[in-house]
Structure formats: C-alpha cells, structure tokens
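Residue numbering begins at 1 within each chain, and the chains themselves are lettered A, B, C and D in the order written.
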Amino acid sequence: MKKLNVGIVGYGFMGRAHSNAYRKVNHFFDLKFQPVLKAACARSADSAKAFAEKWGYESVESDWRKLVAREDIDLIDICTPNNTHAEIAIAAAKAGKMILCEKPLGLNAKEAEKMVAAVEKAKVPNMVWYNYRRCPAVVLAKQLIDEGKLGRIFHYRAKFLQDWTINPDLPQGGAGLWRLDVKAAGSGVTGDLLAHCIDTAMWLNGTIDNVNAMTETFVKERKHTLTGKVEKVGIDDACAFLARFTNGSLATFESTRYARGHKALYTFEINGEHASIFWDLHDLHRLQYFDHRDEGRVRGWRSIHVSDGDQPYMKNWWVPGLQIGYEHSFVHQVADFLQGLADDKPAKPDFKDGLATDYVTDAVLQSAKTGQWEKVKKVK
Amino acid sequence: MKKLNVGIVGYGFMGRAHSNAYRKVNHFFDLKFQPVLKAACARSADSAKAFAEKWGYESVESDWRKLVAREDIDLIDICTPNNTHAEIAIAAAKAGKMILCEKPLGLNAKEAEKMVAAVEKAKVPNMVWYNYRRCPAVVLAKQLIDEGKLGRIFHYRAKFLQDWTINPDLPQGGAGLWRLDVKAAGSGVTGDLLAHCIDTAMWLNGTIDNVNAMTETFVKERKHTLTGKVEKVGIDDACAFLARFTNGSLATFESTRYARGHKALYTFEINGEHASIFWDLHDLHRLQYFDHRDEGRVRGWRSIHVSDGDQPYMKNWWVPGLQIGYEHSFVHQVADFLQGLADDKPAKPDFKDGLATDYVTDAVLQSAKTGQWEKVKKVK
Amino acid sequence: MKKLNVGIVGYGFMGRAHSNAYRKVNHFFDLKFQPVLKAACARSADSAKAFAEKWGYESVESDWRKLVAREDIDLIDICTPNNTHAEIAIAAAKAGKMILCEKPLGLNAKEAEKMVAAVEKAKVPNMVWYNYRRCPAVVLAKQLIDEGKLGRIFHYRAKFLQDWTINPDLPQGGAGLWRLDVKAAGSGVTGDLLAHCIDTAMWLNGTIDNVNAMTETFVKERKHTLTGKVEKVGIDDACAFLARFTNGSLATFESTRYARGHKALYTFEINGEHASIFWDLHDLHRLQYFDHRDEGRVRGWRSIHVSDGDQPYMKNWWVPGLQIGYEHSFVHQVADFLQGLADDKPAKPDFKDGLATDYVTDAVLQSAKTGQWEKVKKVK
Amino acid sequence: MKKLNVGIVGYGFMGRAHSNAYRKVNHFFDLKFQPVLKAACARSADSAKAFAEKWGYESVESDWRKLVAREDIDLIDICTPNNTHAEIAIAAAKAGKMILCEKPLGLNAKEAEKMVAAVEKAKVPNMVWYNYRRCPAVVLAKQLIDEGKLGRIFHYRAKFLQDWTINPDLPQGGAGLWRLDVKAAGSGVTGDLLAHCIDTAMWLNGTIDNVNAMTETFVKERKHTLTGKVEKVGIDDACAFLARFTNGSLATFESTRYARGHKALYTFEINGEHASIFWDLHDLHRLQYFDHRDEGRVRGWRSIHVSDGDQPYMKNWWVPGLQIGYEHSFVHQVADFLQGLADDKPAKPDFKDGLATDYVTDAVLQSAKTGQWEKVKKVK
C-alpha cells in the first residue's frame, strides 16, 4: 500500500471531518493508497499542537507556506475560511502538491479561475469538498437519473434551511463565526449553503443557464468579534432564486439561516416524466422515490432505507437496516479520490466543477443586485 | 328508485354517523334503493325529537318496541349500548325487519348466537357496523391479499390505542360514558376496540384458532354517573393477546385507553412472503405497502395516497389527491348494503361474522382469566 | 330557521362540492339559515336535470339569465369556467342576489374590479370559494399567527404540485379540460392553483408588495376538444415566483402540473422568529408545528392531528382521532357564510379579497413576460 | 493517557464494529485511557492476520487460550458465536482480564450465572455489548423517564423485525449463518433480537415479573453448511410475548426474521400518564415524543432530531442537524467504559445485567413450551 502524506491547514469543523475520513478510509475500503497524517497547520501553534495530538498528526506547522514547502508532504488539504483558499491552493499547486480544497472554491469566480489555472498548469490532482455528492442516497439518485429512470426532467427544487443566526446578539467574525463576516466568507448562505445545492444540482441535472435571485440581510448590524465594534453585516442571510437548466427544466433554490426548526435541512426534489426523487439531509440515509410505472392502485412514494449491499458504498459498512451518518460522506470522498489516483481517473468534483458552481453563485449575487435574470458563465 | 324506510334506535355518536350515511349515499352512488329517514327512537322523547329535527327524520318514537311494530318501517338500525342489541334485534327479526346493528353484535357470543338464529329464522337482511372494512385503503389491502400479492402470510399485528380514560376522575356510566360501565358495555377495550381489529383481521387473514391474553384495569374504581357512588370498574382498560390464525400466521393484538398521545390509533400490519401492508386510522387515506419484488436498489415502503379513481370507492368522490375521512366508511357500508339488496347478494359483515368476532373476544376474555391458551369457537 | 334559496350555475366538480355542503351544513352546525336547493342551471338541459335529480334541486334552468331573474332565488352560486364569472356575477348583483363565486374571481383583475364594483353598488353579500382557508389545520395556523406565537415572520413558501397533464395526448378544452384552454381559464396553474396559495398566504401573512416570476408551457400544442384541431397551448403549465411581503418576509411560490407523484400537493410553510408551521393538503387533517420555546432537548416538529374539540370546527364533527376530509372545507365555508349573515358580519374571503389575489396573479404573469420585478396593485 | 491493551476474539461483523470504536473513541472523547489494538484472535490464522492488517492489530493468535494467557493483554473482547462466550469469559476472568462480551451473555442463564460468578470472584471490570443503550435518542428517552416526565408507566411495547431468512434455501450454520444454528446460537430471534429489546426495556422501565410467549419456526429444515445435510432447524424464527413489569405496566414484545420490508426495525414505545416516547432503529437519530402537558390545540408527537449539543453524546460529534449512525453506539459504549474505569464507577450493562436478560429469555422460551405464564427469575 502506498503512503500518501497529508498536510492539513485548518483545524475546525472541517479539519475534524477530513481527519476522521483519512483515519477510517482504509478500514472500510480496499485501496492502493493510505493517507498518512503528516502535518497539521494553524496560525496558532498551540491550536495546531492540540489538534495534531488529538488526531495523531506527526508534526505541526504554524505557517502554511512552510507546510506547502515541505518535501514530505504529498497533499495539501485546505480547511480554512474562504478568503484563504486561493492563495494557499495556488502556492500548493506551484509546489506540485495534490490539493483537496473546502468549498466554495474561491471567494468568487475570479479567484476560482486562477485556482483552476494553477492546478491545470501544475497538473496536480485536485478536488473540492462538496461532500453531499457522496451520501449513498444521493449517489443512488444519480444512478437512477443516469439510467433514464426519470425520463425528461421538468423540475428541480432545492433548499438549505438553518436557524442558527436568528439571535441578533450573535456576533460576526472569528472562530466559528467567520461565516457571518463577509470579508472571510465572501457571501452568506449563497456561498456557504446554496453552493452545496448548486453543486449537487449540476451533477444530477446538468448546467444552469440563467438565474433570477433575491437576497436579504435580516439583521443589519452585528458586533464584530475581531474589532469589538458593532459593524454592518455584509453577508446575505437568505437567498432564493429561480433558474433555468440547459435541459429545459425549471428550478427554485432557497437558503436561509432564519428558518426556525431546521438545523441543516438540505433537501432536493427532481420531477421527471416517469419518476420523481426527493432527498433530505436530516434523514440522509433515505431516498424518496416515486415511479409512475408502478401499477396504478399501489403507486406511492417509496421511502428507501439506503443501507443494503447493492446500494452505493453500503457493502463496505454494516448490515442492511443499519444506517450511516454525515461523516461517512467524507470517507467516501477520500476513498473515491484514492481510487481515482490508483486508476488515473481523477475523482470529481475537481476545481473546474468548483469554478462552475462559483459562476452560478456569482450570477445569483449579481441578479440579487440587478433584479434581472442573469446569464451563468460556463466553464470551458 | 325504491324507498327503504329506516327506523333508528339511538341518537349518539353512531346515530349521527349512520344518519349522515343515509343522507349522503345517493348523492355519491348510483343505487336502486334510497334510504328514507322515517323514524328516530330514543327513551327520551325530547332527545328523539331534537335528533329527528336535526337530521330530518319524519317521526319520533320513545319505545323501540313501537318502532319495531310499525308497518312503515323496513329497516331497524340499532345504535344503542351493547346490552340492548340482542333484545331489539331479535324483536326486529321477528317483525320481519332488516337489521343493521352496531358492533359488537352481542354482549357476548351467547347473545350473538341467539341473534343469528333470529335473523336466520326470519330470513331478513342483516349487517353489523364494522365500518373499518369500508375504508378505501383497507379494501385495497383486501384486494392485494386476495390477489396473492403477499403470498404466504407470516405475521399479523393490530393495535387500537386511545388515551381518553387516563384521568381517574372520569366517571363511568350514562350518556357518552356507558363504555366504561361493564353492565352496558359487556367488556372494555376488548368488545369496543379489539372487536374492530378482530373483524378486520379475520376478513383479511381468515379465522383465528387460539388466543392467549392478558387484561388490566388501571383505575379500579370510578364514580358511577347513574348511582352517584364510587363503584368498582368492571371493564378491561387494556387488553393484549397472542393469536394463531388457521393459515399458520402468528399475531399480536393490543388495545388500551391509556396510551398517551393516541386518540384512535387503530393500526394493522401484515407481513407476507412477498409483500407487507400497514394501515393506520389516523391517516386512513393512506396505505403503506412494501413489495419485495421491486428492484433491490429502489425497494421501499410505498406511501399510497388512496384517492385515485382506480382505488376502491374513490371514483365516487372527488379528484385524485383529495382525501375523504372517517364518516365515508359508513356511507360505503350503506352503499354496499343497498347494492347487496339489489343484487340479492347480502353485504358483509353479517350477523354470522359478528358472532365470529364475539367468539374471539369471549375466548380472549376467558384466556385473560385462565392465563392459558384458549381455543376459539368457529361459526358453523 | 330561515330558508335561503340557492340557484347554482354549473354542475361539475365544484357543483358537487358546493351541493354537498349545502346539504350537510345544518346537520353539523347550529345556524339560523338553511340553504334550500332551489334550482340548478346548465346550458344542457339534460345535464341540469340529471344533476338536479342527483342532488335534489327542485327545478332546472338552462339559461343562467333566467335563473338570475327568478324571484324565488336568494343566492347565486357560480361554478362555471372562469371566463363566465364576471358576466354572471355582475348580472346577479344587479338582480340583488347574494353571490358565491368560484375562484379565481375574474379572468383577470380588470374583470374582478368590475365584479367588486357591482356587488358594492348592489350591497349584496358575496364570497369567493377559496375553500382551503376553512381546513381546520389552516385555521389553527391562522390562530397561532394572530396570537403572535410565531413572532416576526421571515419566510413563507408555498407550492401546489400536480401531475395530471404530463401526457401530451391529453386534449385541451371542453368538459373537465377547460382548465387547459386559455380562453376559458385565463391562465394555467397561476390562476388555478397559485391563486389558492396566494389567497391563503395573504390571509395568513398580509399583502404582497412585489413579485418576480417565470412560467413555462412544456407541451406547446394539444388537440382542442371543441375544434378537433391541434392548437397552440396558451396556458402556463408551470409557474414559480419570488415575492416580498409588506411585513418584510421573503417568499417563494411554485405550481406545476408536471410534478410526477403529486396529485394535489398544496403545501405551505411559514418560518417565524419563535415558531414555524407547515401544512400539506395530502394530509390536510394535520398541522406540523415547531416551537423554539420548547425545552431544547425535546424540541421537534409536532405532528398535530387536528381532530379534537378544541381545534377549529372539530367539535361539530366526530370524536378525537377521527379525521375529516376535503369536502368539509366547503361545509365550513357555507357555515361561516350563514353565520355571517345572521350576525351581519360578512364572511371572508369576499370579492375584494378575490380581487387582491387577482392583482397578484396579474403581476406574476406580467413579470413572467418582462423578466423583472413587478409591483402588486393593492385593493383600496 | 494510559494505554489499555485489547485482545479481541472473533473478526466478524461485531469484530469490525468494536475495532472501529476502539480506533475512534479518543478522537471524539476526552478520556484518560486509550485502547491499543494489541492482538486479534481467530481459529483461522489467515483470517486473523487479514483482520489484524485491516484494523492495525499489532499481533495475531489462533487460540483464544493463548490470547487470554498473554501478559500484555488487559482486556479480552469476545465477539464469537454465543456458545463460546462462557468458556472464554470464565478463562479470561481467571486470568484477571477485563472482559467485554457480546450479547447475549450466555447460551442460557445457567451459563450466564457462572460467568457472573467468575467476574465477581476475579473482580474484573466487565460489560456486555448491548449497544442500543448508547444511541443518543435512547439515552434521551432514559433521561426523560428518570426525570419523571412520563409519570406512571402504563404500557411498553417493543419489536425487532427483520426479513433476511424468509428464503428457505438459505442454509444454517457456519460463518455469517451461525445465528440459524441452534447449537451455536442457543436460540433464534429470542436470544439474538429480543435480548436487545429486553435489555433496553429493563434499563428504561425496570424488571419484568412474568411472561407468556409463543414461538414459531416457519422453515422447519435447512441445509447445514458444516454437515452439508438438510437438518431440522432448532431455532425460533419468530417469538412474541406478553409481559408484566414490576412497576405494574403491561408489555408486548415481538421479534421475527419473516417481516418483509423490515431489515432491522427495532422499535419501542412507552406510554406514561403524562407523556409517551417512541424510537425506531431505522431512524435512530430521532426520538418521537408526545407531551400531554403541551397546550391542547398544538399537542402532537414531536419528531426530535437528536443532533444538538445539549442532547446525549452529541456535543462530541458534528454540528446540529448532522446525524450520526449505528456504529457510534459502540464508540459511546467504549467511551463510557473507559470513563467508568477512570472514575471507578463501572459502566453498565455489566454481566449481572446480561444475566438478568438471560433470565427473561429463558422464561420466554420456557413459556413458549408450556403455554403458560412463567415467572422471571431475578438477579440477586
């Protein structure tokens, strides 16, 4: 088994999710590569050290430039706030490292374009952590669509609803709250949550041609953790948009952090000529499926418990009926990345796919300003 | 259209449900008979009069014997407490009336045997109001079973859970509370709720051979509305039993009025070799269906919204997607009774079916006393 | 009890639903008025006669002008296609009749304005059949919102999904299919289905300021039943729009007849500062409610079975746990109308409310053409 | 951090689940002990080696006696078929090892009594892998019950339904199929599945006094993998029993491997005076809770998504809304065991608890033979 030395930048929520994936993947998947937790990097040396001890990283760095420069590192995993992705990724590409970057790829498409150029020039394997593509139920949806089970697609609708920022006393900025700080995040729910919805949507249903959006910031000012002052909130608290896919289907997308009762309710539904599909992150181990070709009297939405060996990834886990959870999507993504390396068939979504999503989010934010339909740029 | 003159005894919950059915049936079903609300009978003349005015009964009686004796009455509908069924029904049979009797048929099987003998001797059409057989979803279940879609049956389980008697201050006896008074009701949940479960079960899955039961009375004493005194409670508050069907399947049945959160949760599930079925009175317009012959990856419980024209009774109502409710089961029962008259194919369940259920409930109550398996008597 | 003589125009789906309501209302509600089914009117005398016999209308007309002219008629109920509402209603108003008109009020707001002017001039009681306001669960939602249980509203989303026109061989026009004929219907899902969503939304959440819409006609040509020729389809098969309410909340609305698996899935969700609500026409007897003020560990969406005596309208029906269905919303609307007459407090929604909805649908259709945000006209 | 050297016997489904738990626990929980995967033992040296490599066990044994004799082993984890538990555990106790034993504890209570005697004599920490006690939703149920939120308990009902043995061509015996072989398993669903239900039930609701059971073997003969011959099936395919708890509540329990559509549907429901609880292994991250003290109009079953930091174990995992799965129950059990070691407060369920469950399953199997109520022996 070949060792693959991982250097991770960032130690937050995603740092943990990725580390867990590297640690578990070889116990459940037969692969030719084994990730080695070589180095953890964080600006605070203490934080880096504590994180490295917890997860068994062999060494610590407090400057990502040093990490990127190390010869014993094969792969740079970027888990830092959005405004640092481009700089780190471009440097890592120049250093010839493989790169796994958290989503969204760039603060905006302009940054993302440079990142794509960098990895293409360096010819390094690259991937973006749009992990929901790897939930077994979502992969099952992809299979059914690709097999033509749905027929012509008429409608796509996706939502990502949360409620954690309703309290106006919640500050913006700093650890755990950088997603509220437009400088670190680039945008609000659009880049954070809708980016997930868009990535899945284009994977399942093809490219998006045009969008028409509205955004809102319900709480206009929040104390900033870093400055200590009450500052204007620059992010979008909520965003909804209409869209038209290239295949002629119509779509609605919506995201907010002001939907009481929903913690991380990412849902999508696809209506085709013959069949429909619905998925919900709160019950991610299930797929709802309606097949009009079933006999009329006994047609109904099927609640499929995706835990059987003939369903995506599931033969690698437990026995039928026993569900897996959120973290497993990351394990699957690492497994697919490693398998892609072995087969020389790079795993998706890569930086180009990440750029495609950034083109959509850029158009969405632009439309919210103009009040008009905006055309979405396509990746060449 | 032939007129069928109805004389109803009793004006409570069931009196209303039946009257509504007589009133509605010809608007929704094409039939050769039309029920005419000829007379309403209650011991209290005032109650009878108020009820008759509300529902448009043409006349009033305060003695059921007089009602039974009237020549202008074709059909006697018995909606009174259980301890009066036998006497009224036997008299009505002797008078040559058709009889629709509320369930359970008798206070016990001994009474029910006499009632069967009476209607057989008189050769009058007769039916028992086990209305849940007429919920469209339940009829759909029956169709699927009869067509062999389930294959060999392994398991049957039914429950009827309520919570309305948890409060120990609730009195027993009198209007609306006679179900707590063993003299009027004969038994508690066994005759009231389990009788429904048993009737449906034998209709769907054949006869029951043996039962093994336990009962409990949680609140031992309650004030009696009629005597004003605190008296021992004679009914069973809860009853659960194991059973073996003649076809080799195993069953569990349970009923209680002490299940917090359940108002009238009648559910049944049937597990067959190829397919399974689940139904729930709280969502009576749905049938849950699992078919193992579906392709493995997309197998799941189907939630069938029984509101389409090709599903039982539904072409007579609205349009697909629009649900009907509880009261419609009575309309269907009247429609089937009237159709049966026209075709000379008597509708079921008749008094013999009612007796079969009484044999089971008798065995259940007996088993609860003996702590042993009790054999169920079969109707000849 | 005062008699109220009803003359109905139209005998289709809605003719049946209304007739059933008139027939049932006094059996379940204590009212000072009793509707009398005086006359049924249809262009085809045979159809009118058959309908009258089925439902017990005392007489028949084949020209609505004659019906409107009859002195023995107190109330005209308009159940005909949309393009006839205005003419009949205006004539009925002039004749001093009360008017209950099917929705949408006019083919467009211009027509609806004239209808409002007519009833205001004539000072006749008037109502529009937006029946979903009378589902008990929806009324419960209204109570909770009005009591402030939700606090500030952030989001409203509504959908009305069907799948009955996916087949391109389905013709347009004629009995049962006039909803596909733009001349008879005025528009497609916008006036038919979204009108319901908009009426409920404004009742629950106040007026709408601006909308931004897209529409689509998936099947461009269909055979026309009346001409026998393949003709261009003029209606919208699908429509989705973004909206901003006057109270600052954001909304998404969507309707289609191309959503496989959904027969009549009208759903709405409201997210407030403290609580959220969800309702679904396919399980209309339930309300989903999330209250953030519940203790954290045991917070969850409550599935409320709206069948208890303390819930809207339910004390008039059966006992807790036993559900009612679609048709009951019409019974409630008639009950409220009659109660409003008795109390001299006209029931809602009246023609002015119907006009308000027409203003929204007009703006939606206009926006779909311009690709811009359109301001919604307000009723004075 | 202290090292705790683990020697595991068996490498099947449970061997993997336990190994995963040892590997993960310190990444997610702050503990004073760290399990070290010291040795894996299996009769087949090749199997042991492959397993050890996959999971990183440092060494291999092919005789459990040698493993037990090793001085560098602190803890013996028994994951072998039921008929080997007693011998290994007693030897391990004598050798002074801590013991974590798969359930059921013994082939029967007689064996289990000896195992309890052995660990008590040796004074070694011991635990039985009834892992469902550690699902966060189940622990939340326990908290609510212990706090008195349910009040007096009236009813308990549990089911564990599977469908994997319906095919009569499935053989009995050997790897993966020893659960069908009565010599290896001791019993069928009673010891395998109902044992889980009973353990949870007694933890939540106290001891059971009496039981009344029926069992069935639907497929009477199956080919035996080890002998190659068709042999009589000795296990129970299905078992249902009535029970009375010491606290006066009534219970029904049922398990089968012939319930089409259910892969591992372990459910329990508890009805108390004030509140009720329902849980379902197929959606193990949810708890259904009904609280009668909620305001009447908005009472309903709450679907609690157990993924918040204030819910059991969840602060150690991801963020609200992101679910965990089956395997996490084992991680929690190891975490609690290690915490118990540190605090000198042994974690439960220990061997005595395992014996208590074996007393119940023995009584259940006995009652299925006698057809009578059987008294359950209590652990002293």
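The definition used in the following text is that contacts are C-beta pairs under 8 Å (C-beta built on N, C-alpha and C of every residue); 3 or more make two chains touch, one makes a residue touch a chain.
Please read these numbers as outputs of a predicted model, since none were measured by experiment.
Colleague: Find the chain most remote from chain D, comparing centres computed as mean CA coordinates.
Modeller: The most distant chain relative to chain D turns out to be C.
Colleague: For chain B and chain D, let me know how many angstrom lie between their CA-based centres, rounded off.
Modeller: Here the centre of chain D sits 42 Å away from the centre of chain B.
Colleague: Which whole number of Å gives the spacing of the CA centres of chain A and chain B?
Modeller: 55
Colleague: Centroid of chain B to centroid of chain C, CA atoms only: how many Å?
Modeller: Distance between chain centres, rounded to whole Å: 36 Å.
Colleague: Could you say which residues in chain D touch two or more other chains, in rising order?
Modeller: Counting only residues that touch two or more other chains, chain D contributes 262, 286, 301, 305, 308.
Colleague: Using the definition of touching given at the top, classify the network of chains in this structure as line, ring, star, complete or other.
Modeller: Chain contacts: complete, every pair touches.
Colleague: Would you mind writing out the residues of chain D in touch with chain C in their complex?
Modeller: Touching chain C: residues 140, 143-144, 286-287, 289, 291, 294, 296-305, 308, 310-311 of chain D.
Colleague: Tell me, which parts of chain A touch chain D in their complex?
Modeller: Spelled out, the residues of chain A in touch with chain D are 13, 16-17, 19-20, 23-24, 26-27, 54-55, 162, 164, 262-265, 281-286, 305, 307-308, 317-328.
Colleague: Touching residues of chain D toward chain B in the complex: what are they?
Modeller: Residues of chain D touching chain B: 150, 154-155, 157, 161, 163, 166, 212-214, 216, 218, 238, 240-242, 244, 250, 252, 254, 256, 258-262, 271-276, 290, 292, 301, 371-373.
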